[in-house]
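Both complexes below contain subunit A, partnered by subunit B and then by subunit C.
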Partner chain A sequence: MAQPLTTASVPTDIYGGDEVSALVLDAGYCSTRAGFAGEDVPKSVLPSFYGSIKDTNAASGSRNVFGEDYLFARPDFEIKNYMSRTESVVEDWDTAVQVWESMLLDRLQPERRQTQPSKNGLNDGADGEGDVSMEDAAISAENAENAEKPLAESPLLMTEAPWNQGKAREKAIEIAMENWGCPAFWLSRTPVCAAFAAGKASALVVDVGGANTSVTAVHDGMILKRSIQKSHVGGIWLSNQIRSMFDSSDPKIEVRPSYMIESKVPVDAGAPSQAVLRKLNYELHPSYRAYEDERLLTEYKESVVEVWRGPGRYSNPGNEDLVKTQPGRIFEMPDGSNQMWREQRFRVSEGMWDETAQLPTASEEERITKAQTVPELIRACLNAVDVDLRPNLLGNIVVTGGTSLLNGFNDRLNNELMAMYPGMRVKLHAAGLTTERRFGAWIGGSILASLGTFHQMWISKKEYDENGAGIVEKRCK
Partner chain B sequence: MTSHDVREMLNLPNEGGGSRPAKKQKTSIARQNLKGLAREVQNLGGDNPIAIVPEISSFKKRRFGSRKPAARWEMRPFRNSARGDESLILRHWRRKTDVQPPTAPQPDQQQNGQPDEDKMDADNGESKPEEMEDSSFAKFNVKVDVPQYSEDQYNSTLANKDWTKDETDYLMEAVRDYDLRWPIIWDRYDYQSKDGDASTDANTAVVQARKPRTLEDLKARYYEVAAKMMAVQRPVQYMNQAEYNLHEIMTSFKPEDEIRRKKFAEAQMGRSKEEAREEESLLLEVRRILARTEKFNQERRELYNRLDYPTTETTQDLSTFKTSNGLHTLLQNLMTADKSKKRKSLMGTADGQSTPASAGPSAQPGSTPLAEQRRESIAASASGHGHGRHDSTASTADARPEKPTKKGAQPPERRKLTEQEELTYGVSTHDRLPSGPTFRYDRINKILTTKSNAQHARITNTLNELDVPARLTMPTKAVVDQMEHLLINIQTLLDLKKLSDKFDAEIKLEKAKKAEKDKAAGIVPQPAAAESATKGNSNGETAKVNGAAKKDGKKAGGEAATSSTEKPAAGEGANGDKDTPQEGASKHRLTSLLVTVRGRTMKMPLPKKPKIKMLRMGSSKRLAPGKKRMRDLAAVADKSALQAY
Partner chain C sequence: MSGQQGKWKEEQVLVICPGSQTTLAQLGCNELTLPSHRLPTRMFKDPDTDDYLPYHTYKRKKATAAANGGGDAAKPEDDDEFEYVEDRDSSEGAIYPIQRGRIVNIYHNTPIVLMASPQWTRGDNEIIARFIFEKTKTPALCLMHSAYAAQYGLKWLNMTVVDIGYEKMDVSCIWDSNLVAHKSLDYFTPGLEAGSNVLTKKLHGLLKDKGFTLDMCEQLKKSPLAEVLPYVATAKNCMELPDEDVAAEASAQFAVEAPRINEPTIAASSNAVDAENGIDDKVADEGVLDVANIVTSGNTREFLAKKEKEKAERAKAKHRKAQEAEAAANRPARLPNAKRKTNLFHYEETVHEDVQVPLSNGAPKPESAAPPATNGDGAAAAEPMPKVEGDAAAAPAPPAPTAETVTDVLPFAPEATSSVTERRTKRIRKDIEVGLERFLFVEREYIDQVARLIYNTIQSIPELSKRPDCWNNIVFVGNGSRLRGLKENVLQTLISHYLISPSTATMFTSELPSNMATPTGTGSQTPTGSTSGSLPLGQMPLPTTSSVNPLLQAATTASLGVPGTATADAHASHQSHAQTPTSIKLAQLPNYLQDWSKAGYEEAHFLGALVAGRLVYCVHPGNDMQDAQRLSSLSRVDYNEHGPKAIRKHCLMP
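Let's turn to the complex of A and B:
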């Protein structure tokens, strides 16, 4: 998929690219993306959730496994996330380093491992599962002690949430410089990257991600800090809405992910499931169930949930009746129960736009206020920037993030904005490809890091050595 | 199946279809030749084969036979001179150049050596720092110029009670950092004064309440500093155009206006769709109306000029014309205007309303009492009369001095030409023109042809004598005028000559008679005595001379002797007498005329001065005795008249 350009000629004069084999790392709450600059999709996409296995026989306590392939049901297994749900910034730095190393070092540079068979996890023999995942901090520490640093060849570009704090930023450059020995480093904000991915230097970036939705104004490749708006309306919030809907539906719908199912038989629509459940002879940590539930609900979101396209709200009289007359969608749960979804699939997503339409949630903090709905975020963001910029921003709205892939999202957003700013020209720019929408920030970072004009921006190792970690605050504004 | 085929089948003679098989053959041949060409393209050529050299199809060449060795690429280090430090050395793939002296091994500028050195070993021999290439993108690095100032300069020129030096420095720093992108500067502007900083550091004191700076504050301060520093570096009067303009723009920055404009822009954003649409349509309407009024005004002005519309603009009330008096004046105005309409030029559309006639009463404000208005309109109509005529003479537009002064500064419609200019431009004024075109020399001919043949011959003789051709070679207006004049003078001259000849003859006769009488009397009396002696039997001729003399001397005494039949002669005599002083002048003029006429006609190379003089002398000589004699006669007549009492 990510075919680099043929190397017969280096078309620097065409798009100003000048690749220096940089790496790009984009960490989010739901997934972490890493790849080579200049490519159009990240080579490695891992969930930011990781598995922590309690070692019964070792004194080290626990070891972590990374990657979807290793997140399966097993005893003494807990699913954790190294990112913070509310902020989408790194929470657990130790694990973050492990996750990133497993991606940048092992998955992106497999030949490195082959040259050092003694260092890879294959020959450890600690577990018989053939686990190729990164082992633990011990190995990375060992690597660090080695004469050569693992990333001495590649400049590294990392993205961060626009509200990321100074300490976290300094930590990032420290890791890159000290642990990995990167020759150059840069920290870029996700909205800026998303705007670059859409080919714009100035844009209003609406990033509807897994844990958060953020709206940020970008002007000439820099975010406007006062304009940053954030809300937890995102993929996980939507999952909770779906759970709430399942709970309140008349025969209560059980969410049973596929690991629980031993076997299933087809049943009629609306009929109760007749599946045989799998019996586990050990106790499973609830976090694993939650993780698996989330995966199931993601599938449901992808295939069923739709956004009322407008104009007007879904709760306006007549709209629901109209939806009822139209064909619905059938979704079959892993346990075999299936159902046609018509108006409900619109109802769950309506809370993003209209706080009065949201379904009751389990916890109070899940509730969103009016200010947290997507249109209000945009309004607040625009009100925080200079008046002269607003028309331009409205004409360059970049929609990115996986949750923005909901059917009808863009239409609704467009309608809401047209209603909010009737006299203005509103233009949405949303990538058509799913990958481009999901990895918007990474792609932007990939473009940025492969530009010839970007070479002067990098923070070099020497500069870091001279100025310390504080340089990141000075340079990456 | 074609007719040709049918003919062939039926063995009918082939007529005109001979070319057909050949044609077909041709195309088929062409088709064969042009294999690989699309049929449609081939058909474009019709009968003529397409002039394309067909590709020769042959087997593929052997791939590796003539192939060059694969191009070698290398991971070449480079630096970027746009960077602040020059230490960062990045590496990118570049095609290996052929001429490459294998030199010293890789110097150790790479901080951490290279893991894949074994691969690169052969290639990276050339990466010495001095010959390391610079990034081709370094040239794109540009920086903004931010004014610099020293402590002294700040204190002397830039001090501002609203801004500390510290904060100004901070602002300049931000401007440099963000390359004059004001939205970002404003967004990131977070100045904390020194003491405020200290307190936050200590986490003890409350952070001072700072006045939030608006974008306009920042801009205003920056422009102030920049403009002043510009002026310090080079005084305003020595700046070149670009610098001056920049300085001008910066000094004229008004934050209040900006704020007002932004408020307005914000209000604009909040408009509803209907409002926006309505506003747009209103704007459109206004633009349309404006465009139309312009056109309408233009048309109206043109119409006024065409009509020579005498009074009132549409805005004026019509009360002036409501009375019969007013209507009358209007009628008069229109009539005069109508009369002069044809000659009225359509020029001067720009100040069309300034034609004095039309501006008459309308210029008076409507607040004046009605009576006065009426008076005004009457006056205007009167002026219209005078004016219309004046216009028709096409000379000066502002003939009436009191009217324009009353109305204020209204420029005259036409420039008044001086006499010199009139001459230059050939402008002339006429009270009345005959209809139709005429030849100028017709005027001369007319004078001549109306005369009797004898007279005509005499005039021609005189002209010949004067060396003026009877037929003008170039009858310009001036020449014709002078010629006319000349002819009239010649006429007078001839008349006088005739008269004087007559007198001469009479005098001779009288003298002869007297001589006879004297002979008879045998004595020689004094002339006066003789005259008085002959008083009693003086004939009608002397009486006539007497009468003439008497009239001339304003002695309107009883002249019973004068008969009615003699009057014309007496008149003639008187005329002749009267003309004598003029005669000299006219003579004089005649000569000068001749010069001009000669000069204009210029058949002769030179004006014959001596001849003219002679002529003058001759004529005066010829006239002088007559005059003298007449005076004598008059004196005699007087005497005899007195004696008659």
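Let's turn to the complex of A and C:
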């Protein structure tokens, strides 16, 4: 069907770049996104969590499986993540390569891996001499080698967290060039991509993701390094707040994901569950339970949690009383127990804005300080940039990331900023489509890589061969 | 542009839906009929060249004796040293170009591909476009996503298409005619299988000790005997196997059955493995299984002469057999299959053999208890069956249907005259009693996997508001979903696992949906006396005494039998849930196409492809639709101009 194109999916052909078959890879802590440049959503989205199955036959004693479909309850199964929770950068490179290859090479497979008749060696004429000069042999061997590399015809654009370190950046280009044989490569910072996705070269990017929230100033397509602010206020932190709330409520609410339930029975609100539980006759690794809990809490966040819109803090007198008169939201657990959530659903998210309102946390690291709340991150970010740039940045605030989809988030952010910067023009740009918010950085990368004018930017294989992995530090600033 | 002015006639459109096993094809989309051609999706490698042939061909060393002549379909080569025989039924050495939904071998025998699986990569589609435009003279190609094809066939704007195929399963959510979510178990998920073939393998695993071949299991699976029992949450493995007592009682009329009642019980509640063993033992003792009586009919030499006569005979035999089978099926107390411990399975097998014609195989149709080795044919055919002699005498099964037989002998080379080596194809029927395996082979894990995939797919739709529509219009397509009871069981499983029930918490509180911007809005809302559009931010409307809570009203008036009020609201009663699913339903299938209603809509994607063929190639679009129509197919003009890459945009793909 000729589906209507969103603004984000600019046809590649009109830029004259009809030979662009670039790939875009955007790895985050919660999910990894990959797809073709020029498209409006990533074709392949996998959780960055993966399963590790004990396998005595395998050399390492275990084998890995990737994709949500594999992550179901089974014996000898552990769930891991190849990204770092605190930094949102790659932690386990070996697995990262496996995940990326399963996405880029298997699922997207830009080139059909089929040996060309000219390359399969059968058609090499036997010239009888048997004397091939060493140089020729070396060149042809190299060509043959490259031709067999899986991405020999696809440039690759990868995104990275703005605080990504030099070593990791070099590793990325090495994998692309050496393992996959990419003809060209580019590494782009997520805030820059998110700004591009919103159609801006300069913006203040507020990225509220799963593991982290970051605030970065982007000017003319470059990040301002000193402005980068980061905190762990994100989706997972919010899940922990919900856990804390469940634990402290009376009676204590137990999180039981659906894999534990055989069938549920409708019960009255607040009544204990009468579900038929599923019996597992094997030991389940706690990491699986944690993963499933997180999925359940995600559903809770989607359907119940709301952000107090302001103006002012939720803890200001009168606000909670007002909320209590309002209809609440019901949430039914997979075990059938259900109850109405009214003022609590505002309370759990308030810690993002007001550190005094946060619920008790399991560990001290989980606790956020005043400087880690969203408004303070923005303030710190703006304070780190030139005074002249601030009005422009405040007028171009790009909100992205999955957790920013919380109901009321943008209203609150707007109210907070208006209160913080009275008299300044504050304008938020948040994509309306859920996918554009969740995949903001990927979409920006997709636009960037499909631009005909971007051709001159790519780091080519030749440059890499001449300069080594260090080229990425020089070029991708 | 060829697609614009010169519209094609409906009769000219070639519609092809390739599957991993069978390709459906038809020329013309003027009538919305069932597919007219079914071809196995496979090619055979020519042993000498690198080409591909549509049929299995093999080399056979010719006997040097002068008496031997060439088979008819053979292509003599090298002065009759070898001959080639086309074997239309064999799948030996077949190359199936589509594995688990994904093209693994790009050589195709199909001239135009219209329906594309979601597993095909962009590169695949380009290669297909190139192949088609280079190898055929087609003026245009419309590549269509299989979920869209199913949607075109079933005409729902929002729906979830569950496509269970041979070795893959796709779940696609379509909302407002756009693909909004898709997940699959296929080529890319090695180790996870949800296609129907995995069930055949399971069945084979259960039955192979009893002499069942994979082919027999496949047939058994397709027969109405194999069934997924209804979902019962409390039962072992969530199914209630037929109770021994009922079955025994039902068959008490057979004296041989009687002792069973006193045997160690195999009640449904006992361990499944035990039950299985129990059956095994009993079967071994009593020789219930493998009662088959193989009789061949016809004699090669006389075959041609007798052909007419045989036809009549065959018809008669079939008729009689049908009657008998029916009688047999009905006799034991006329219980439905699901309530019976055992049931008779009529297996039909095709046997090929090279027959040396001067043979002493004149055995004509013994009615029962045919000794297995009276002739070569019988022996060969009986090979998979360990015991042949133990029929009526030993078998406790009803005697009537046990003796049935070869119905069909098709010589592969009809024109062979005095030839000696001849290839013959026979259909042989056997009746086999099958026990609880026919229910047990669909394991809980399988159903759970299917249900989980559906749940995960629909819940992965980013917009919460789109999910309810997809939950309310679930459609099963693909021939893998034909298995009796499967759809119902999956639906029951989904409901018991995932359905969000209306909560009592909302009973006397306001039912009005939160009027903060929420993504729950499904359009039809209960009346809101308090739309807050004009209220300042953060200030919520307070319920006033004048606005009566409609649910409260409903609850209080329901007992008075006030029509309309209570029922209407009860249905839409939990709007304060943003959670999904609050209801799970199968989509209504169209009933205006009689053929399709009769045959089932498992191949709805083919119907949709026919509809799309009309829309894309035959209908003159209005002005506003011209662009859409142009973009839905790739014409040769565009292909020549832009190359295969143009298929990326000129197609009916998401």
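Things to note:
Heads up, the rule we're going with is that the second predicted complex is superposed on the first by the 416 of 477 C-alpha atoms of A that agree within 3 Å, B and C clash if a C-alpha of one lies under 4 Å from a C-alpha of the other, contacts with A are read in each partner's own complex, and residues count from 1 in each chain.
Simple rule for what comes next: a residue touches a chain if its C-beta (ideal position, glycine included) is under 8 Å from a C-beta of that chain, and two chains touch if they have at least 3 such contacts.
All of these numbers come straight from a predicted model, not from anything done at the bench.
With both structures placed on the common chain, the touch criterion links A:422 to subunit B but leaves subunit C unconnected.
Legend: residue contacts after superposition of the two complexes on their common chain; A:261 is shown touching subunit C, with no touch to subunit B. Of the two partners subunit B and subunit C, it is C that touches the larger number of subunit A residues.
Judged by the touch definition given at the top, the superposed model places A:152 against subunit B, while subunit C stays out of reach. By the touch criterion defined above, A:369 reaches neither subunit B nor subunit C.
Using the contact criterion defined above for the overlaid structures, shared-chain residue A:281 touches neither subunit B nor subunit C, since it reaches no partner. When the two complexes are superposed on chain A, the residues of subunit A that touch both subunit B and subunit C are 18, 112.
Those residues of subunit C that touch subunit A in the shared complex are 106, 121-124, 127, 148, 177-178, 183, 185, 188-189, 191-192, 233-234, 238, 449, 452-453, 456, 459, 462-464, 496-506, 509-514, 516-519, 537-540, 542-543, 574, 576-579, 627-628, 630-632, 642, 645, 649, 652, 654. Put simply, subunit A touches subunit B in their complex at residues 7, 10, 12, 16, 18-21, 112, 115, 148-149, 152-153, 155, 181, 183-184, 219-220, 222, 224-227, 385-391, 421-424, 451-453, 455-456, 458, 460-463, 477. For subunit A in complex with subunit C, the residues that touch the partner chain are 1-3, 11, 13, 18, 36, 65, 67-70, 72, 102, 106-112, 114, 258, 261-264, 266, 268-270, 276, 299, 302-304, 306, 308-312, 319, 322-323, 325-332, 334, 336, 338-340, 407-408, 411, 415, 433-435, 438. Subunit B contributes residues 73, 80, 82-85, 87-95, 110-116, 135-138, 140-141, 177-178, 181-184, 186-188, 215, 262, 265-266, 268-269, 271-276 to its touches with subunit A in the complex.
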